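Here's the structure we're looking at; comments come further down.
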Amino acid sequence: QATSPSTGTSTNRSTGERYQRIRAMSVNIAAPLTPEDCAMQTMPDVSPTRWHLAHTTWFFETFLLKEQPGFRPFHSDFERLFNSYYNSVGEPFPRHRRGQLSRPGLEETLQYRQHVDVAVSQLIDQGELNEHQRYVLELGLHHEQQHQELMLTDIKHVLASNPLYPIYTKNTATNNNTEASLSTTLQWSETPETIVEIGHNGKGFAYDNESPRHRELIQPHAIADRCVTNGEYLEFINAGGYQQPEHWLSLGWTAVNENGWKAPQYWVRGDEDWRQFTLSGLRPLDLHEPVCHVSYFEADAYARWSGKRLPTEFEWEHAATANPTGSVFADRLMESGHVIHPRTAGASDFTGNVWEWTGSQYLPYPGYRPVSGALGEYNGKFMCNQFVLRGGSCATSSDHIRLSYRNFFPPDARWQFSGFRLADSR
Amino acid sequence: QATSPSTGTSTNRSTGERYQRIRAMSVNIAAPLTPEDCAMQTMPDVSPTRWHLAHTTWFFETFLLKEQPGFRPFHSDFERLFNSYYNSVGEPFPRHRRGQLSRPGLEETLQYRQHVDVAVSQLIDQGELNEHQRYVLELGLHHEQQHQELMLTDIKHVLASNPLYPIYTKNTATNNNTEASLSTTLQWSETPETIVEIGHNGKGFAYDNESPRHRELIQPHAIADRCVTNGEYLEFINAGGYQQPEHWLSLGWTAVNENGWKAPQYWVRGDEDWRQFTLSGLRPLDLHEPVCHVSYFEADAYARWSGKRLPTEFEWEHAATANPTGSVFADRLMESGHVIHPRTAGASDFTGNVWEWTGSQYLPYPGYRPVSGALGEYNGKFMCNQFVLRGGSCATSSDHIRLSYRNFFPPDARWQFSGFRLADSR
Amino acid sequence: QATSPSTGTSTNRSTGERYQRIRAMSVNIAAPLTPEDCAMQTMPDVSPTRWHLAHTTWFFETFLLKEQPGFRPFHSDFERLFNSYYNSVGEPFPRHRRGQLSRPGLEETLQYRQHVDVAVSQLIDQGELNEHQRYVLELGLHHEQQHQELMLTDIKHVLASNPLYPIYTKNTATNNNTEASLSTTLQWSETPETIVEIGHNGKGFAYDNESPRHRELIQPHAIADRCVTNGEYLEFINAGGYQQPEHWLSLGWTAVNENGWKAPQYWVRGDEDWRQFTLSGLRPLDLHEPVCHVSYFEADAYARWSGKRLPTEFEWEHAATANPTGSVFADRLMESGHVIHPRTAGASDFTGNVWEWTGSQYLPYPGYRPVSGALGEYNGKFMCNQFVLRGGSCATSSDHIRLSYRNFFPPDARWQFSGFRLADSR
Amino acid sequence: QATSPSTGTSTNRSTGERYQRIRAMSVNIAAPLTPEDCAMQTMPDVSPTRWHLAHTTWFFETFLLKEQPGFRPFHSDFERLFNSYYNSVGEPFPRHRRGQLSRPGLEETLQYRQHVDVAVSQLIDQGELNEHQRYVLELGLHHEQQHQELMLTDIKHVLASNPLYPIYTKNTATNNNTEASLSTTLQWSETPETIVEIGHNGKGFAYDNESPRHRELIQPHAIADRCVTNGEYLEFINAGGYQQPEHWLSLGWTAVNENGWKAPQYWVRGDEDWRQFTLSGLRPLDLHEPVCHVSYFEADAYARWSGKRLPTEFEWEHAATANPTGSVFADRLMESGHVIHPRTAGASDFTGNVWEWTGSQYLPYPGYRPVSGALGEYNGKFMCNQFVLRGGSCATSSDHIRLSYRNFFPPDARWQFSGFRLADSR
């Protein structure tokens, strides 16, 4: 749920254009892929590209169009097939079987998008959206952008699972390793005890889990001015970090052993060196880049090994608000033909490079209440056994992120563009 | 392994034409499918259509072309990717992950086929194949036909797993329900104790598991003149057969409960009647057809419930040899535009309608020895915990089947076109 | 790890007596059990009584006696066999196999206890314990008491798993249902925003996870003056709570369905009424008792259903500190021959009746550092995906509990004496 | 089910004495064990000793006493608790949870035995047993003896699972390694094609699966005059047998890798030599003993590696009938204080040393029909995916075995005293 956005000032025309632009981005992301690429589910957490294309469309059809007079669904089975987890809408098709559906195919899926886009655009053009409808429209667009990032991370997992290591885009523009981008000595920013305002400030859209804005007591602490780099993380590996239980949470140590983790996901051990799989293929490991595709367990173990800890989500938001630096987001990277990959030059930035694990488990803010109805299932029911990530990554869209944004994943998740920075108590 | 076939009499031209014809059939089978259809693996036993197309090509490349001077593989990774289970060739790509490979795509797979077909055809045309090469060529064509049947049964499983129930071909020519094809009263054919010759008689090709031909003592028994029909099997269901443990093998009763079996696979319960999913979509259940898509457990339970038993594979071969009636095979059905589905009129036939479960576990014939080398892995290492099926189904090719043919599947397999006929001891 | 306790003032004699008393309690808890009872592990989380008796002894042997000059272990294999999870000590015997060890038997285990007790008592009597040793001794006694509660909850699970419903003790003294103990109308205690001191105040022993004492900002809220009762929880059940996904966390709804939960653990549905299994056998469900043996998921779902939430652990500690009421603990219940079971009269009490789930995931306090060495594994490595419970139950010892005590279990754990009270944001 | 035995000639007195003797043997087997030993289930296939004691008693109570006028069960819950797999009697208590029941304890279990023994003895003494009752009595005694062997193999597994390697009995009388018992050069016994009578000849008791006696055609073959020895099997290990897939059935190779098999069960690798765990503790590996505790997969792999095969059950029965040599059975070994362990001197014997795996899957004999009613579940429903073993082992009772006896286990079972001899086709 989002707090009610002040979209009233935007004209219908600009709303319609924004709808078209954001919807088109999803199709653009799928453009370099084959129909078979779009059909794969290489682990239960991964959804096929085609499913994302359909599900984001289902969102508008179900929550916006369905209540229109004279509504007829594009296909009577799609309500169930493309429901992700909204029990209020009906029993969803089992998540782990999304990769077992060859139909509707890519072409029919794009027709489904077209069909719904026409109807939504008409609705917008009529200019008679009520407040709830404007809210659902806005929510739907942010939902679309959220899935755009998942499309990129899911397809990265799909391609990396194939011994042929297929390439998503052949972009060769280097993100990194310019003189200016070498990693620098880490600096610490000190903060005494203080009470701060946390959460969404009410300007523009936000998800319900960013509210209510409220006061939090920040403990005395220091926070690093940049993320941990591949080079630093490699020291942990070379020091035997993955073989020594003393650095790990108990569940983390189990994960290391059951999954055979020896390095971040997508690191590939060559005979003489480490390489990493990127959306533009296998590349040499750049030691100055922020480390990426690590789980909370790995971030936490590195921090313990180095005698530090991860920042809380409140410490992070406080630091980022004081220093709102941003790197380059997915939409800009795609436009400019760059690889969608963390930039060395962005290692200090709080947004737009890697999601940063915090030491906070994902829980409701004081006084949080999900909206009533099916859309209340958007966020609230996942507030258990996940950790908060902040900042947005190189796979996020630039108008999708804000400093109060709370992303969340289970502590063993590694397939997102997730890194971390250190903090320490004073 | 096959016993050495007497292919010497066939001219190179006819060999080449036969190679082209059989290879083309695989591509024809895939023709009605979308690229996404060809990518699906809806259970571990199912392989994607595209995998079948590549693996059958891999067979010729690996066992025939690889030993040619100057051989270069089409793609260096394919040796591992499309190895099914030949440990002697190297460690195969994990079977359960075949559906997680989006590349090589359908187009590249067809290029792979083309590439290998050119090379094999040249080899044939040169007319200098030695005996071992002629044997491998022949084996490769039978291997291809074996996989053609699997392509049909696997794609049936893929389509049936989709709530949209997609149709493979829209054929509407009725196979059944003509006056002439109504099921008739079952007749018993009696046999006293007798010693018979069992196994391949040396004419034409056969797999190694059909040899050596040897003498078996047949016990006094009777065997039914036709298969059990849907109507008869429905009586078992309606009598509570799936709820009564006393009819079932212990492992079968476990399978019923763990899988929630209530009817043969692909039977769909409507509000008022039973329908069944076919390769031409959902159709009303024809009570006169042979029951199909039952496991050994179900065949055995029906037999116990009816006070009878399944025939041994020797009893079956003896009866079929005395009365070698055949129905219509897959290649003919496809040519004539019929549905690939068991025919009512074929209920009495021993070949070409449904595979018939026998009560014999799959074991070597006395004196059986697999060939040396990798091709020895073709059959011999599977002689454990499987049951023999005989006869060939409506999804088998007509020149692939013979009365000595021993098909085999685990007792819980249901996705093949498998039915059964009854026998009784005297 | 515990913060260094001020045990210096206690004379050696009183220390020795306390050691003897606490150690004896473990043996007393096992006294009503048969050797077979003491051998059972009815789920992976449950440890056999005999294992608890040995492991608590191992703790003193490993961390106190082993470093003494001339030390010889009671048995060379016990270091591994009875290591629970201390990787620094060596690879522990697999937890899920604790119930597969018939030896050492009960008698030998008691000899092991005797042997170690003699050595520890001598050490105490010599009066030359250094500070670290006094700390380990104190920690070992609290460790013993922690396992005493687990012995009671584990054996309850063992007995309840048996269709014979065996009785642990035949105590019939009623805890409940006196006039004075009927549940009363729930009252709310209001608190405005305030900054409070949280954590152990340094007096007496505490685990390391209760430190450092630090300042927390409490949000405006109200907290209930008593726990939710069986009667109230039954309304949730009767209203269909276990069938309605909208009240549940996503992981909770999965747990309900995978485990078939329909009521709290140990509730037994009779033909006409509900009964519950207690350590004194099956009893009618007392509607005025605090509900017990519910998971975090169930506590949270009840709270959502009723429009409230669970208190944070800070809110709980603040409220309990203001109103430090206590019920009757395990040691007193055993002495007086009462059933070890929550008391209706204690429904308002913050300690000594049921552990109370809070809405706080178990995370380190700001500035928390585990001790170095093996004992650092005591608490710190479990700070992930668990929820904090507060207060201590009817199965806790009276000198083991304090208001700053942080118990923690995964959100699906139900076999502890766990209940909850409600809170609400203002 | 047993074919009706001619027990009419035995007087009631001798029947009663035999009943007492066989029943006492079960208690004798349990005598060296502690109550905790008797409670363990170290894998799903293993049942606790105490369960065996109760279940064999349940057999007489359920099938013999229950139909007596005025019958009252010893305990109303035992009918379900100690039902192994007789669905006709009711839903059995889950097999994998047998080790989770601490009650009834050993003492109460022995009282249960006592109670039933008194009633059965009275019934026998009254001398009015009808034919069916005499059959059930006889079947119950053979059932008891079958479970006596399982008690020994199950407790061996229990003790071997404990790192302390507890000893069942301290017997030190050497079975082996006398001059006379060194393994000799293997001799082959040749047989031409012949028709033989197979199955029980009607004299004395037999299970239903040994009938009907019928004619089988034996193929020309040779069979070894003794079992494969530890020394010979060690050559297979040292030649890399467990690392080479080419010797193994496909399912066998999976079993090797999933279970990490490197040698027969109970072989323990020391620094310099192999030892084996026996019921009298760890002992040096005797190279002249028959190899024991191998699965079918291992027997088959050894045979393939050596260029031979396993005999069929018919070849075995034919050879054993021609040369009915027997070694020493469990009851005699226990009387004489010997270790229950295969004897080197018995390597040539067909009975009483190790069960011998045959290459025959367990299927019904021609014309086999299980008895009607619950006792029909004794054998018939297990005729699927198991292999036949013949001969009886050092853990079998001497009056329980005969040459027509068909034992059966899945091909991965290793915890029985199972070895094998080789055969070859001619």
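The chains carry the letters A, B, C and D, assigned in the order they are written, with residues numbered from 1 in each.
The rule is simple: contacts are C-beta pairs under 8 Å (C-beta built on N, C-alpha and C of every residue); 3 or more make two chains touch, one makes a residue touch a chain.
None of the values given here were measured: they were computed from a predicted structure.
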{"item": "Chain D and chain C - chains in contact with each", "value": "none"}
{"item": "Distance from chain D to chain A - Cα centre to Cα centre, in angstrom", "value": "60"}
{"item": "Chain B and chain D: spacing of chain centres that average the CA atoms, whole Å", "value": "38"}
{"item": "Between chain B and chain A, distance of the C-alpha-averaged centres to the nearest whole Å", "value": "46"}
{"item": "Sites on chain D at which at least two other chains make contact", "value": "none"}
{"item": "Chains grouped in pairs wherever the two touch, ordered by label", "value": "A-B, A-C, B-D, C-D"}
{"item": "Chain C contact footprint on chain A (complex, rising order)", "value": "85, 87-88, 193, 195, 214-217, 219, 221, 245-246, 248-253, 309, 359-361, 363-364, 366-367, 376-377, 381-385, 411, 425"}
{"item": "Contact footprint of chain B on chain A as seen in their complex", "value": "34-42, 50, 77, 80-81, 93, 97, 99-106, 158-159, 161-164, 166"}
